[in-house]
Structures are given as C-alpha cells and as structure tokens.
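Shared chain: chain A. Partners: chain B in the first complex, chain C in the second.
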Partner chain A sequence: MKLKRDAAALNSKLLRRPIQKCFILFLIPTFGAFIIGFIYPFLQGIYLSFCKFITTRNATFIGIDNYKTALTDSTFLHAFWYTALFAIVSLLLINILAFAIAYALTREIKGSNLFRTVFFMPNLIGGIVLGYIWSMIFDGVLSRYNTSILLESKYGFWGLIILMCWQQIGYMMIIYIAGIQSVPEDMIEAARIDGASGWQTLIKVVIPSVMPSITICTFLTLTNSFKLFDQNLALTGGSPFEFKSDGTIIKTTEMLALNIYNTFYGSNTAARGTAQAKAVIFFVLVATISIIQLRATRNKEVQQ
Partner chain B sequence: MKRFLSLLLAVIMVFTLAACGGSGKGENGKVYWLNFKPELDEALQTLATSYTKQTGVEVKVVTAASGKYEETLTAEMDKSEAPTLFNVGNAAGVKTWGDYCLDLKDTDAYNALTTTSFNQVDANGKVCSIGLCYEAYGIIVNQALLTKAGYKLDDIKDFDSLKKVAEDIHARAKDLGFDAFTSAGLDDSSSWRFSGHLANMPLYYEGKDAGWTECPATITGKYLDNFKAIWDLYTANSATDKTKLATAGLDAEAEFGKGEAVFYQNGTWEYANLTAADKYAMNADDLAMIPIYCGVAGEDKAGLCSGTENALAVNANASEADKTATLDFLKWMVTSEEGLKCLVDNLGGVPYKNAPESENPFFADGNALLAAGNYNVDWTFNYTPNVDDWRAAVVNAMVQYCSGGSWDAVKTAFVDGWATQYKAANS
Partner chain C sequence: MAKVILKDITKIYPNTQDKKKKGKKTEPKSKLQVTDEGVVAVQKFNLDIADKEFIVLVGPSGCGKSTTLRMIAGLEDISGGELYIGDKLVNDVEPKNRDIAMVFQSYALYPHMTVYENMAFSLKIKKVPKDEIDKKVREAAEILDITQYLDRKPKALSGGQRQRVAIGRAIVRDPAVFLMDEPLSNLDAKLRNQMRAEIIKLRERINTTFIYVTHDQTEAMTLGDRIVIMKDGFIQQIGTPQEVFDHPANLFVAGFIGMPQMNTFDAKLVREGDKYFVEVLDVKVELAEDKCARLAARNVQNQDVILGVRPQHIVLTDKGIEGTVDVSEMMGSEVHLHAKTKDGKDIVVIVPTEKNGLDFGMGSEVNMIFGGNVAHVFSKEDERNLEWE
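Moving on to the complex of A and B:
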C-alpha cells in the first residue's frame, strides 16, 4: 500500500489545531524526566548545601557554615588551581593537535577514513577503564626507573594530560573535520588565485571559517577538563599526598570533582554538607567559565 | 517498520514504568542485610535462602565491595528500602550511624551472647551493635616450609628470633625455592593489612601505656620505631621489590597458598580459603599463627591480635514489621544449629552460647597462647578517628617511604594525621 503524503492535508487548520492544543501532552514525558533527573536533584542539592546531614532524608538547616568551611579548605583550593592548570594545558594541547590532525586528514591522504576511525576509537572506552589501562602503561615504563605514577605529582599531571589527549583528540578531530569540509571550495580557490600561500589560506580563510567548530571544541574540552572525574580517580586517585606541618593532607593530583567526592564519602560524615557546598560552588564556577568562553569565541565567528 | 519500532518503544516504556512501581510492599517484614565482608558473601547467600525456605521471610543479602562499605551504606540508607541489618564495627561507625541503630539490649540475640566485649555501645549506653564474631590475626606460618628451611615454630619467640629466621630464609630463597614473607601489597585490596592491622601494634602499646578508654585527641607515636622495624622486615625479606608494592597487582594469599613464602600476615578468616579444596588446598596441620612481634619489651608474652569489627546493628528507622523480621532472623542465625554452624565454619570465633567448637587451628593457637598466660593484643585501631581517611594517608606515606622517601612522612601521617582527623570528626 502506498501512503498518501498530502502536505496540504497535513497543514490544514482542521488537523493542526487539535494537535497544537495537545502539545503539552507531548511535552510531559520529557519534561517529567527532566524534572526528576535534573531540576529536583539540583534544587535539593542547593538546599542540602545549607544543611548538616548523613543521609539526605533527614537534614538539618545550618545556614552558610558549609560555604565558609569549603572556601577555607586548603585541599579544595589546591584542587581548584590544579584543575585550572590542567584545563588550560589540555585545552591547548587537545585543540591544537585535533585541528592539526583534522587538517591533515582533509588533504585527501590515502586511507584517511581508516585514520579517522582509529583516532576516534579511544573515545569509545570508559574513563575508569582508560585510567587503569594507562596507569599500567605508565607504571610499566616508570618502573624501569624505580618509580611510579603514584609517587610524583608531575607524573600524575602529565600522565593525565596524555590520557585525556589520547581520549579526546579523536572526538574533537571529527568536529574539526566536519568544519573544515564545510569551508566553501570557491573561497579557497579565490585565495589561491589571489596568490595566498598555504599558511595564509589556513590562517586567513580556513580558521575564521571553522570558528563555530572551535567554539564547540573549546567549550567541550574546557568543561570536560573541569568535570574530569573517572580518569582522575582511576589513574592516581590523588596520589601522592603531601603532608603539611599543620596536619592537613593535600592530595596533590586531586581535581575538583574528586575532591568533592572524597569530601562527601570520606569517613568524616560531618563534612557531607561541606561537600555539597563545594559542589554548588563547582557548578557556578564551571557555568561561569564556560559562558565567558562561549561569549569570547562566538564573537570571533564569521557569517558565511 | 516505523510502526513496529514505535510499538516496541511503547512496550519498553510500559515495562520500565511497571518495573519502577512494581515492587509493592509485602505485609510481612523483610530482612535486608548489607554485608561488610566480601569473603562471607557466598555463605550468607546460602544461609538467607535456607531461612527463606523455612520461614517464608524474604532475606536479601547485599555485599559491599571491599573497602567501599561506608559509601555503599550511605547510599543504601537513603533509599526507602534501606538495609535493616548492617555493620557498625567501631567507634567511628557509632558516631556516624548511632542514631540509626536500634538498642539491641535484651533482644534474644543479645541474650545469647557469651560476652559483651565485642558490642559497640554509644555514650548513653545504648547497645548499637552486637558482635557477630571475633577474629584474630597475626603471622600465618607454613610449618612445612619452615621445617624445610631447618627451623621449627618454637624458634620464633620474639622480634629478634623472627628477624633471624626470616633473614636467613630470604638469603637462601633461591636454593629453598621459597621466600620468607609474602608480598606486602599496598593497593586497596591489601593495604588494610598494614595501615589497619599492623598499625594496631604501635597503637595498642601506646594505648596500653596511656590507658585509653576512648579515642584520644592526639597520639605520640611512641612505638612507631617498632612499626618501622616490622615493616622493614616484611619488605626486605620478600620476593617482591618494595618499590612496586602499590602498583604490581600483588596477591599475597595466592603466594602463600602456592607455597612461595613461609610467613603471611593475615587473620583467622583466611583459614577457609587456604584449606578449601578448590582454592589452595593447604594442609590444615601445616598452618599455624604466631603473634606479630615488633620488638617491644616483654612481647614474648604477647598473644594474637584478637577483636572484631564485625558487629551488627538493626536499623531503627525501618518499619516495625521489618524490625521484627530482622530481629527474628538475627536470633535464628545465632541460636539455631544451622545458623551457628555456618558462622563457625566461615568466621571461626562466634561468641554465642550454643556455638560449636571451630575447626580453625588459628583459634586453637590463639587460645593456647592465652591459656599459657600471654596477653591479648586488643584491636586498638577501632578507636581511629575518620578511619578510612586516616588509613589512606598512612598508606600513601608508606608507599612514598618504600620508594625511597623518608620515614618522616609516615610519622606525620600517623601522628599529625590522627589529630587532624580527630578534629575533623569532632567539629
């Protein structure tokens, strides 16, 4: 049987009106899921950050004490600066390398499809698994020098950078490839006719045209770095620790998300509210940074 | 095709929704036991099935992953179907979960106890949890290998003699085909043997001198040199390179079970695995347990380290029916023949009136030492404030020490870390 697709019939007001009235009905399932899975936990999380609690069901309101504790916690501040440093380094490395590979793979090299697939594949492996695999690889190498990734903060830092590059470059590469391929051929041709060198074409024509891809890729790498958790947990788990003279213990390779997790699930149950407050601060921080970044790169985008 | 697909999706959705609301509450109470010891899981599942078969009461046993009990408990306690039976094994546990514990005083299970010394009691005298078993740890010795090396158990009476034997065996390891100590792994699966159990030695002697009755705000680490001595002995006289303790994925139990080493620091609970036919099938007569010697004066009169972290609490917030069902199950487990047999077979020391004698030779060793007038080394580590965080820091410092770092880091983690965690736990 052949279906009759009559555009006029579908667009007739008789048919459209009742459907339009029902739009709420169609929104309910998704919106319900959104409320259950996002809005409610989010609001409850904010409420809990003002509470003292062991289980979330019976929490007592204590005001802003949790925020005071969180902001004076030296481990949290260390984790913040460490995360910021990590985010900057990985943002630069991942994007530069991903763009370079994407640019190379759009030059019609033989087997570029195979390369694209291979570069993309690490992205399909889960973070915890990756962390453990790479810790074995690093330790396999470092043990020859009688050391381990758990022993030096700098190994932990660069180890995590290598891991994240390995995992994310492929993904960003795909986005850049799509961007580069959509640069109109006639613009490149015009540049060539005007006598632009390959380098000039890249800087003056290609990069301005792929600004939307750059926006999205920097956004993704920046937020991914700030939110990084699994890989951090599995690769070093914060080791090595630094023991300060006042008794505080700085986990030198601990990033923000792991710091929050460790505060919450550490055996000091009095600190659960503090962890919650840290999580709210964390949210505000990530949201602000990514909005600023989006604004900044959007401004550079050109209309084609 | 599209129609089929949407039908399929609709069906899936209906099923998911049904699954969400499907678990209606029965009128009879239920038991949900959040178990703390992974090695006990199999036995408890069997016990639970058997109880359900006999009484029709549903018993769910869930075991938290090794080292993740506190996290699992926190998450589970938040659910509407929270655990009704859970572990509160030390002072920190009482501090966190005390409000969730039903007073177990004068319940049937409580009355069946032979001793109250393994119970956890809060500041107001509420019995938060009752001891399920007691355990002992020390250095497990493979006597067959010891004989092969030309020694006997009586040759080891204190730290110096242990050191002499161990160093001699280690020096001849190539000829003998086995080494003195099993690997002292510092990853999560094994580090508790040292940050928890071995660290008890300096804590116990310090607490004994100072007469601790509750968690002290600060400690001095007076006996840390002894801790270092025994740790150095373990790591210097084993086949494993000590720089790789945290990363090599070591399995000390397997090394010992396969006869690769004479000494293995662990507890009575290892007996089942070491002798099980499908595991290492060791000969029970070859196994013995000796006290951990670390060079403290008068320690030739030391016994095994005996105590427990395995004490059960009943959730005070559970429904009345669930509470009754849980108390009934607990009573059945510690008074019935089947329950007691299961506990004794798997745990060894069970402090209940009708418990049969254990076959576990490690308990016999422990009792023989006590009978000979030796003192019991109590589990002083049960006082540790924020125990998981404190231990994690000690382990980290030990890893640094083993890779050539200074012992001072361990000292800081041990002594200053204690004060920090005490302050954090009591703020």
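Moving on to the complex of A and C:
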C-alpha cells in the first residue's frame, strides 16, 4: 500500500516538475491576447483622453482640457442624470419582477419548464433588432393617439424601460431560480412550523438565503443599464431633441454611451479628445458604482 | 403536554408523481403497495400516544416513519384517517397552530441569523414581548449549554452544537408535542452517543410528549418508552423496548431489533401433548413452559418453522450444534464468534471475554446450545411469531 502511494507521488513529481518550470510558456497565448485586446487599448485610450486628435497617429498632448470640456458639457451631464435615473428604475423593476417570476415558477406550477424557456427567449435577440422591433410596436400603439415614441421624452424613457425589462427579466429569472432552488426545503418547513406566514418566510428566510443571486443580478442589471447602447440607439437615437438658447442641442433620451459615441463620431472632429475623456470618466463611474454595489450586497451574503 | 391519537392514518402519494419517474422505476425501492389512487406510503396507522410519553418510530428507509411524523407536523397532507393532538382534530390545522415543534435531521437552522435569532424567530413572529423572548431563549440556552454561542452564526458551530441550537429552537416554543426527525443521523458515532444521553436528560427537564423518528435500533431502544416498528408502510409491532426485544411479533422485528442480528434456522416444531419441542440440526430443545402454554392456547400443530435465537442467548457446551469458528471478533468485554455449521449455516455467538471467549480462535471446533426460554418460533408462511396473534 505504502509502496503504491510512493510510486504515485513520485510519478506526479516527475510529471509536474518540467511543466511547472515553464508555466510562463502556457500563459503567453492568453496573456498576449489580453494585452493586445485589452491592456494596450485601455492605456492608449487613457493617454488619448489627454490629447487633441483626429486619428490616433497624430495626437498632440493638451493636458486636462478634454476633461474640463467634458465635465462642463451640458449634454454629457444630462446624459449622466438620465442614465442614472434609468439605471435605478430598471434595476428595481427588473430584479423585483425577475424574482417574483422565479419564485412563482419554483412553486410547482404546471408547465413551469415551458414558461422558463419562453421567458428566457428575448435574451437571445440582439439589442439593435430589439430596438427596431419595439419602436415599431410602440409607434403602432402611439400612432392611434397621434403621437410617436420619438416625440415625447417620457415615452422614450418608459419605452426603453419596457424593452430592457422584456429582454433582461428572463435572464435574471434563471439566476434567481437557481438561487431559490438551492434554499433547503427543510429550512422553509422549519419556518412554517415556527409560524411564519408565506410572506414572512419569503422576506425573512428565502431572500436572505438567495443574497448571492441578488448580488449577481443587481450587478448585471446595474452595469447593463449604465453601459446600454444598442437599444438606446435603435429605439429613439436620443429623440426628441431640445434646443437651448445658447445653441446647444440636448438629446433628451440620450444615454452616456450614446453621448460618447455621438461626440466622437459627430460632425465636430475636434471633439474626439473630449469623447475620449468622457469614455474614461464613464469607465471610472461604472467601475466605482459596481464596486460599491458588490461590497454592499456581498456583506449580506451568508454561507450555509 | 398533550396526548396524540392517530386513527387509521393513511398516506397515499398520487400516481401523477410516479409518471414522471416512470423511466427510472424499473427497480422499486421498497414493497410499498400501489393502488389505483397511488403509492400507499403509510397504511392505516393506529396509535394512542399518552401525555408525556416518548414514542420512537423506527424502521428501514422507505418504511413510512418520516412520512408519519411529517403528517403529525402538518408538513404532509393526511390522505385518510384522523389525527388528534390534545383533544382537537388537527387534520386540516396549519403546522403553526398545532402546538408542535420539530427538529430536523439537517438542523434546518437559518444561516443568516445568529443562534439567538434562530431561537427567537418563532417567538418574534408570535409577537411575544422582547424581555420574555430573551428570558426564554436564555433559559433554553442554559439547558443546552450553548449560552456562549448565542451571538454566533450557525456556520461557526460544530454539528453537535448546531443540533443543540435546533433543539433549543424547538424548546423555546414550549410545545405540546416535540417531534424529532432523525436528529442524530448527521453526527459522528461518538457525538451521537453523547447527544443521545443529552436527549434522555432533556426529556427529564422539559417533560412533554416526544415523537422521535430514527432508523437506528439502538436509539429506539434507549430513548423510547414505547417503540413503533414499521416496514413498507405497515406497523409491525408496538411495544416497550423490553417487549419488542423479548417477544418480537414477527421475523422482521426479530431481525431489526437487537445487535448483532438474531440467528435464524430452519427448524421443525414438534408438539407432544402440551409440550413443544424444536428440532434443529440434530438438536431437540424443549420450549419453556410459558411458551408452550401460549402455543397450546393457539392450538399450534407440528410444522416447519423458522427458529430465531439471539446471539446473546446461545451458549457453548460440550455437545449440541456442531460448528467451526469462521471469524472471531474481539469487542473488548465480549467476543463475537461466527461459527459455520455442517450444512453451511452461519451462527453468531457472543461469549464474554473473561470467561473463555479468547480460547476459540479461527478454525476451532465449538458446540452450541440454547435454552427453551429464549427460542422464538416463526411461521414459515407469513413469518409471524407463532406464540402471538
């Protein structure tokens, strides 16, 4: 017995040693791809945000001017608040509805498997396509009242909310279903015997137990909402526009990512540096918010 | 603090559930009866549990013991029959209104609450005043010796401590009936023995009706005032530990209760007037008077029987059933000898070490005999104990 074990140990040693020595060789392919595809463009992007440029080759360093312009740009600030409002509303709606559906579908309803599939399906359609489909649907309805989704910013806002809920609830639902199913049946029964009503069981036993799922889902919905682009572009493209007395045009349903895109590819090529600065601010913003959110919900997680 | 009466309690799982699993169901796990309505998990269960009695439901897995307990708890619907707790019919009463508490095998503690909060949970829901909750929780913690862990979360506790918390959670509710579903099965052997003793002590202190489910016959024997032995949804026997040990109602009970298992032989029951003899492997043993009287009262005639004798009751002599020692297990104070008879039958004998247990090494020849007062005769047809109805 002992001999056998020794042999096995020796074997693994002989096999592992040379492999362990040249671990760098195995790291190179993915790490190389990571550098080319992420690290280099990321650093280049940060550098460019301090430059005036039209193409990346002839950039001239101009310091923090781009940031000054970006932070005083009223369209950017509008887009920020608009995005923040959108993120909060969609975060709440998507998570509450997804959890409710997941909870209902784990209660042994007939055909729950079918429902799960159906609810998940919208997720498989791309954002641009969804945007155009929904703009047709909304306009089909709104035209009866002689208006259009492009004419009122509140229609654009709620239209985008409906679209996002429709697309994301199914995905979050799947995560919540997995979470709810991992809550031990015994615990629910213990709560029943302890006298908890269905609602009390949900609030005091089930929800605290699915905190890991809540962390993931709030993280995903929050970052998705902040980074939203395709659907925004396809549904309203920022319409309706508001013309200010100082000549600026505020696109009332334009979100951060679309604002950056429009700044970069707009007619004013001199603003590319500003767009770059906005992108960096955007990154810092999304990263900070998601880290704060992760900290907050992680703290509430418990191990079984 | 209440009696519990189970009257013809039946549990049927409808066939719909079966259909889903039909593909897998090539090998039925147990011999549960299947009717048109579904699988019968518990058959006409009748039991009167006295106030403050400790009842143990015991049997192999799938025998319906847990289902019965869950029906008493209200976690399973009762398909037929009547269940009374106190004097109240509770068939359709919600678990929380049955005045019961339950301890689960998995402890089922709430992982996000501290030990204190776990124990206080049910009282908080009942809106008991805070100082009263505090008093009750601390009292229960004192009884179970977990006061120092009150601020901890369950994950920071060992298995035994968690089980104490689970018991504590039940105690604070001051229930009329205390239900326990295999509470010690998740513990290691040493801890299990320790907790078993704790439960005996606990029972002295909280003095209420206990219904305890286990598959472990040792737990059943040591804890129960009365034991209910179940198999395939049927009650096999109800009796005190001594009764079921001394007078097993059938071959199943005989084999299930007692360690090591009872030895069984194919034998002949011979009646000579009012006397009965068993003939087994060249040996003829006269049964004790009380046994003969009972057999005669039931007018049992000559027949082939299954003879059962517990390993504790077989003694080594100069003449008797001949055998060769196959395996000798030294258990400390006693030695378990596995002897093979001429016709290949295995017999287990327990010999005290201080007597001559160590004299019989493997391969040595032994002669075994048993007294007429410890032989059990079971019908070969239906495996019932022939002495009893």
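Note that the second predicted complex is superposed on the first by the 293 of 304 C-alpha atoms of A that agree within 3 Å, B and C clash if a C-alpha of one lies under 4 Å from a C-alpha of the other, contacts with A are read in each partner's own complex, and residues count from 1 in each chain.
One rule holds in what follows: a contact is a pair of C-beta atoms (placed from the backbone, for glycine too) under 8 Å apart; a residue touches a chain by one contact, two chains touch by 3 or more.
A quick note: this is a predicted structure, and the numbers were derived from the prediction, not measured.
After overlaying the two complexes on the shared chain, residue contacts for A:T56 are found with chain B alone; chain C is out of touch. Shared-chain residue A:D139: touches chain B; no touch with chain C. By the touch criterion stated above, A:G266 is placed in contact with chain B alone, chain C being left untouched.
Greater residue coverage of chain A by touch, when chain B is weighed against chain C, goes to B.
In the superposition on chain A, A:G111 makes contact with neither chain B nor chain C.
Residue contacts after overlaying the shared chain place A:F241 against chain B, while chain C stays out of touching range.
Of the two partner chains placed around the shared chain by superposition, chain C is the only one that A:V205 touches, whereas chain B remains out of contact. When the two complexes are laid over each other on chain A, chain A has no residue in contact with both chain B and chain C.
Residues of chain C that touch chain A in their complex: 73-75, 94-96, 100-102, 104-106, 108-112, 121-122, 125-126, 153, 155, 169, 173. Contacts from chain A toward chain C in the complex involve residues 184, 186-187, 189-196, 200, 204-205, 208-209, 211, 300, 302-304. Chain A meets chain B in the complex at residues 54-57, 135, 139, 143, 146-151, 239-241, 243, 245-249, 265-271.
On the chain B side of its complex with chain A, the touching residues are 70-71, 74, 77-78, 92, 95-97, 99, 243-244, 246-247, 386-390, 392-393, 396-397, 399-400, 403-405, 409, 412-413, 416-417, 419-421, 423-425, 427.
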